[in-house]
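Next come two complexes built around chain A: one with chain B, the other with chain C.
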Partner chain A sequence: MMETAWIIPLFPLLSFLILLLFGRRLKEASAFVGILLTLASLVYSILVLFERFTAPTYKSEAAWLNIGDLHLTAGFEVNQLNALMLVIVSLVSCLVHTYSKGYMHGDERIPVFYAYLGLFTFAMQGLVLSPNLLQTYIFWELVGVGSFLLIGFYFYKEEAKAAAKKAFIMTRIGDVGLLIGMILLFWQTNSFEYDEIFKAVREGAISQGWITLTALLIFVGAVGKSGQFPLHTWLPDAMEGPTPVSALIHAATMVAAGVYLVAALFPLFAASKTALLTIAIIGAFTAIFAASIGLVQTDIKRVLAYSTVSQLGYMMLALGSAGYVAGVFHLMTHAFFKALLFLAAGSVIHAVHTQNIEEMGGLWKKLRLTGPLFLIGTLAISGVPLLSGFFSKDEILAAAWEGGHPILFLLAVIAAFFTAFYMFRLFFMVFTGEARSEMKHVHESPGVMTLPMIVLGVLAVISGYVNTPWFGTFLGDWLTKGNDSLGHSHVEGPGWIMIVATLVSLAGIFLAWLIYGKKSLSRDWLSGRGGALHTILYNKYYIDEFYQLTIVSLTKGMSYFLRFIDLFLVEGIVKGVAGFVQGLGKTGSKVQNGQVQTYGAMAFVGLAVLVVIFALTGGYLK
Partner chain B sequence: MSLETLQSFQWGIMAPEFIILAVAALLSLLDLFMPDKMDRKVFGYVGIAAIVAAIAALAGMIDHPVASILDDTFRLDAFSKVFKFILLGGSALVLLLAVSYEPKEGMEESRGEFYYLFLTALLGAMMMASSGDLITLFVGLELLSISSYILAGIKKRNIKSNESAMKYVINGGISTAITLFGMSYVYGLTGTTNLKGIAGQLASLGNPQYAYLLGLAFLMIFIGLAFKLAAAPFHMWAPDVYQGAPTPVTAFLSVVSKSAGFILITRVLLSIFGVTPSNGPGSIPILLHMQDYISFIAGATMIIGNVIALRQTNIKRLFAYSSIAHAGYILVAFASLSFVMFDAIWFYLLAYLFMNLGAFAVIQLVSEKEGSEEISQFAGLYKRSPWLAAAMGILILSLAGFPGTAGFIGKVNIFIGAFTGDNPHYVLASIMIATTVVSYFYYFGILTQIFFRPAAKETKFNIPTGILIVLTICVAATVILGILPNTALDFMHNHTNQFTDFLQ
Partner chain C sequence: MSSIPASAFLALALILFCIGLYGALSKRNTVIVLISIELMLNAVNINLVTFSKYGIKPSITGQIFALFAITVAAAEAAVGLAILIALYRNRKTVNIDEMDTMKH
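Presenting the complex of A and B:
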């Protein structure tokens, strides 16, 4: 199977092509084309993963371009990381394809939607299979295109158009870094091949300064794609896309591509302490920064978007603390529970037709399946013991502690507290209490939507057990087998970390419950506490006001500042350049006046100028 | 010269030229004697068959060692062989377009000429690729030019077509004069028109004053020939001529005629100035000294072509500027004079052949159907004819240089050439990148029309067989060369032996 793993991305590509050409005739049946073909690629991916458990890494390459002494190759590689990512991507994609059949029902442009999904899945799988940076870069851009098309799917909405543009531009900024880093690496090592680059790093063929510089530049690309500070702002805006898209692209796969890139190039990063530290700091800061913003959002998808940014920060922190396994582990569990949360949120939106959580409430009784599934996702992301997020987050905290950055560790713990708090705030406001606005026809989503959620729900519970301190670190052992440069298979952190993590997460949940869940309990339980009620109420406002005053106004101030830069500096330059080019074009077309004399004269003038230069410089320019 | 000497030459190596010549002559006679009412379309098919036969003959000689006839007036070397494939292939596709060309007016009386003049023009271009003597090179150039002048004005009763032919002739005359003036310097200094003879004489040139004169000669030859490339400062004829000429002729000018121009420039400038020392024996050749001038022209051409293209609303004018811009890109390959220069030029011409001819096939179809050449006619093409729109989309992405298409690989080749070598051309490469970005605007403008604008009409297109074949070949080749560029590059590497026989 591994020898033919290149077939996997061809399934979604085929789906894209079929729907592009025949989509209008297939109409809603397009969904079946997409679902069946991604299902095929999922089955294939799983088979490849199982084979990879026992077989060694398979790599196949062929000459792609020979120019002079330059030989570029193209091919694919199935190593542990690739095989795992393939399954994650195929699985989430397949589930999202299925889910969309219900969610997008009735939309006229279903074939287009599924065609874009196919294109994106193809690009993402191609990215994962790439054995060299050049190929990675091509697919990297292609996933960007897929994301752009899908965010702007409702292109008649101004916000969606703006968001698509913003996403494209912000990630492009990062891509420039990646491109420059890639070219510099090629210059230094004479190869785009991962293996060749790692070899050069191992053998010291590339100096320490160059390693740091190229690693940081490549990390800039990852920052853009994974929505890390300061290039994170596009991700919450990207929520303008259809919700299944948010689940697939902006939660589980594409935004994780930045983390994947750092993981795939880990031996390069690991060779530079500066690079690792930068990643860890950016990751930790993003984790707490985005989590704090998530505390005050009222749009259900935006809360989840900030949560994604924050969780990606966690993964970066893990990688930056040399916790390769922790980062990849969390990447996997996060893909499952965050996709679940988005799909469940989509199910809620589907039922109540609003995204504002202030207008929701009391949906637990009405959405009998979505509610519990959302709760599972919330418990998992909050790090409640025995669910998947608990184990991977614990691994990250241990890695951060062992990495010797107590401050970053502290930030991560606080972020974990925030995460538990805002996730349960979300849960309580949506599902408990009384409906805060009139809602008619609220009904559970059809089976085609709930089934994918159930699958993800199961995975959100159990996927953590592949790597636990209690039942063995199977995933870690497997990921690092035969490769010393990836670090330890797991980090043996002190036992109290797990207890702290648990306590922090429970504290967050408890606080959220006191503030937002109290409405359902105020009559019997809260009144019994008497005076405490006042303080808690006060505290609730205090927190919201606090963030209103600090984080929000700070963000606002920053956004004004950035907007200022954007308006006058960036836009000014862009307008200036565009105006200059336009003016040039205008002048040029004026000279082109249709008079053949002018044309001849121009040729003579051109010749004369060159001859004069030639004569004045004594024959030669040099 | 005795008959024995004449017979001793391997005339067989001229087989492709003979085939084209014979068929062109045959068609012109047939046209004379055939009743007026009979459809001349069959001429087109005969012409295509002749070109296919010529390609076969050429392919049969692919590994033929270098050979020459009559003191190098005709020579068959690796350079001429691989480039002749481009000329022949391009002409065959153009003839296919011509067969499907059904203008509403102006061509009633000249259908026959329309087909065989392409063949004579092609013959001229092939001579330009295959000669080592200034006289025959010039004759080939004129044969190509004069045939093209008539072709541009072949819609006799169409005023635009007339205007275009007129402008083309006048500008062509000026360019010829300049070129010849430059060549006369070379002849005056060496007393021979044979390129090898010239190179031999100049190699031992001691007096730097002569080098100075040769520098002037270089500039004049280069500027004169810039006319054929539609490169600055001799580009201004292109938009008017491209717009007025019948679409297949425009396609011919932008692909075959331009390729012939590059072939001639490479042959002449490299043979004469590539070996002539600039300052006494052993010093660096004049050509290296003149690199900056070529770079200057290349940069100006890219900027002018891409920038003015932004303001065009007529699709043929837009493609005229786009074609100017592409000439600039290829000049970058020439200016960098790297060891991959031949590869880069050849591959780019090949890629350009397919992507541009394919685009012209769509342009011809749409503008003929709508009776207008405005870009707005492409609005909603995706709704009206998704396949056509998809094909045009691929071709335009390739012209813009997107990964996965032939145009991308072509640009990568040129980049690599510009960056390697002793003095990398960073400025030129930056201009190329910047102008490529500018070109996205107008290329994507067309794509926006095709995919995102509502259609004014709902009518579908009937795609004539000729255009269908051209489109299929062009799109397939654009994609294949984009994904597996080595299919073409290996072919060239295997049969050219690094072009070592170029100067033999």
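Presenting the complex of A and C:
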């Protein structure tokens, strides 16, 4: 199966092409095309993953371009990370395809929607199969295009249009870093191949300075894609897309690409202490920064969006602390419980037709399936023991502690507290309390929507057990087998870390329960004390406004200036020349009027001019 | 006779020529234009005669040449008037502004 793994991305691509050509005729039946083809790619990915458990890494390449001495190859590679990512991407994509059948029901543009989903999935699967940076970059951009199309799916809404553009431009800023880093790496190692680059790093063919520089530049690309500070602002705005798309973007495809890139190039990053430290700091800062914003948001999807940014920060922190396994492990568990949360949120929105959690309440009794599933996701992301998020978060905290960053460790613990608090704030506000009178016709979502949530719910509970300190670290052992540069398979942190993590998350839940569940603490008790802080958090630290004031207005000013130059200088010269010649022509054509007298006058004037020139230059005497 | 300097004749020729040129270029009546052209020819004749008398090498050739020019001018005036009459019959006008077929 591994020899033919290249077929996996072709299924969604086929879905994209079929729907592009015949979508109009298929109408709602397009959903089945998308679902069946992604299901095929999911089955294939699972088979490949199982084969990869025993077989060694498979890599196949063919010559692509030969320019002089330069030989570029294209191909695919199935190593542990790729095989795992393939399954995650295919699984989440397949479930999102299924879910959308119910969620998008009645939308006129269902074929277009499924076509975009197919393209998006294809791009991400192609990205994880790429064996070299150039191919990665191509698919990386395709992922960007896919997200642009999907976020702007409701393009008739101004906000959606703006959000799509913002997502595209913000990630492009990061991509410039990636591109430069890639070119510099090629310059230094003369190859785009991951293997060649790692070999050069191992053998010391690149100097330390170059490693740090290229690693940091590539990390800039990951910062853009994975919504890390300071390029995170596009991610919450991307909520303008349909909710299943948010699930796909946040769980498996777009934002996972950044973390995946850092993981895939981990040996390069691991060779530079500075690069690792930068990643860890940015990751930890993003984790607590986004979590603090999430505390006060009132839009259900925005809270989840900030929690994604925060969790991605965790992953970066793990990778930056040399916890390769922890980062990838959390990427996997997060994919499941975040997809679950988004799908459940979509189900809630589907039922009550609002995204504002202030307007919700008492939905527990009405949404019999969505409620418990949402609770599972909330428990998992909060790091409550025995669920998947608990194990992966513990792994990250241990990695941060052992990596020798006590301050970053502390930040991560505080972020974990915030996470538990705001997730349960969300849960209590949506599902408990008084039911709103205007929400009488709330009904559970159809089976096609609940089934994917049940699958994810099960995974959100059990997926942590592939790598636990109690029952063996299967995932970690497998991921690092045969590759020393990836670090330890499992970081044995001190036992108290697990207790601290548990206590912190329980404390967060308890506080949320006091305020929003039992209501024994007034909601104004907190927001009243830190009124200014609350405003700052509610406005997301004014980052958007800050960008608006600095970068956007600077760019605008410059473009006005350039426009002025273009309008008056460049165009002025061009128009002046054209106008002069035109005027000359017009005068000339006026002179040719058929009047012999005019011709005679012209001849005389010409003669006179010649005589004057003759006299002035001295004539024959010279 | 010799008290009148050559420059006086030349000035007369110049003035005649300028009047002729002005008339030829600015008058709207074709007959006047033809008369102006005769004036210019006469100015040339005066020049020819002047230089045959006061030139560096005075000779009779200039005067003979002037006679030829007068003859040719007379013939030319006859042809010009004939064309003008033909044109007038055709277009019922002697206004030079309306004779602009050279444009095409």
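Quick notes on this structure:
In this section, the second predicted complex is superposed on the first by the 514 of 622 C-alpha atoms of A that agree within 3 Å, B and C clash if a C-alpha of one lies under 4 Å from a C-alpha of the other, contacts with A are read in each partner's own complex, and residues count from 1 in each chain.
Definition applied: contacts are C-beta pairs under 8 Å (C-beta built on N, C-alpha and C of every residue); 3 or more make two chains touch, one makes a residue touch a chain.
It should be emphasised that the depicted structure is a prediction, and the values quoted were computed from it without experimental measurement.
In the superposed model, A:592 lies in contact with both chain B and chain C.
In the superposition on chain A, contact of A:63 is made with chain B only, not with chain C. Looking at the shared chain after the overlay, A:584 reaches chain B, while chain C stays out of its contact range.
With both structures placed on the common chain, the touch criterion links A:611 to chain B but leaves chain C unconnected. By the touch criterion defined above, A:54 lies against neither chain B nor chain C after alignment on the C-alpha atoms of chain A. With both complexes superposed, B is the one of chain B and chain C in contact with more chain A residues.
In the superposition on chain A, the residues of chain A contacting both chain B and chain C are 592, 594, 596, 599-600, 604. Those residues of chain B that touch chain A in the complex are listed here as 166-167, 170-171, 174-175, 178, 208, 211-212, 215-216, 219-220, 223, 226-227, 232-234, 236-237, 239-240, 278, 289, 292-293, 296, 303-304, 307-311, 338-340, 343-344, 386-387, 390, 403-404, 409, 412-413, 416, 420, 438, 484-486, 489-490, 493. Note for the complex: chain A touches chain C at residues 592-597, 599-601, 604. For chain A in complex with chain B, the residues that touch the partner chain are 20-21, 24, 63-68, 70, 138, 141, 581-582, 584-586, 588-589, 591-592, 594, 596, 598-600, 602-607, 610-611, 613-614, 619-622.
On the chain C side of its complex with chain A, the touching residues are 21, 24-26, 33, 96-97, 99-104.
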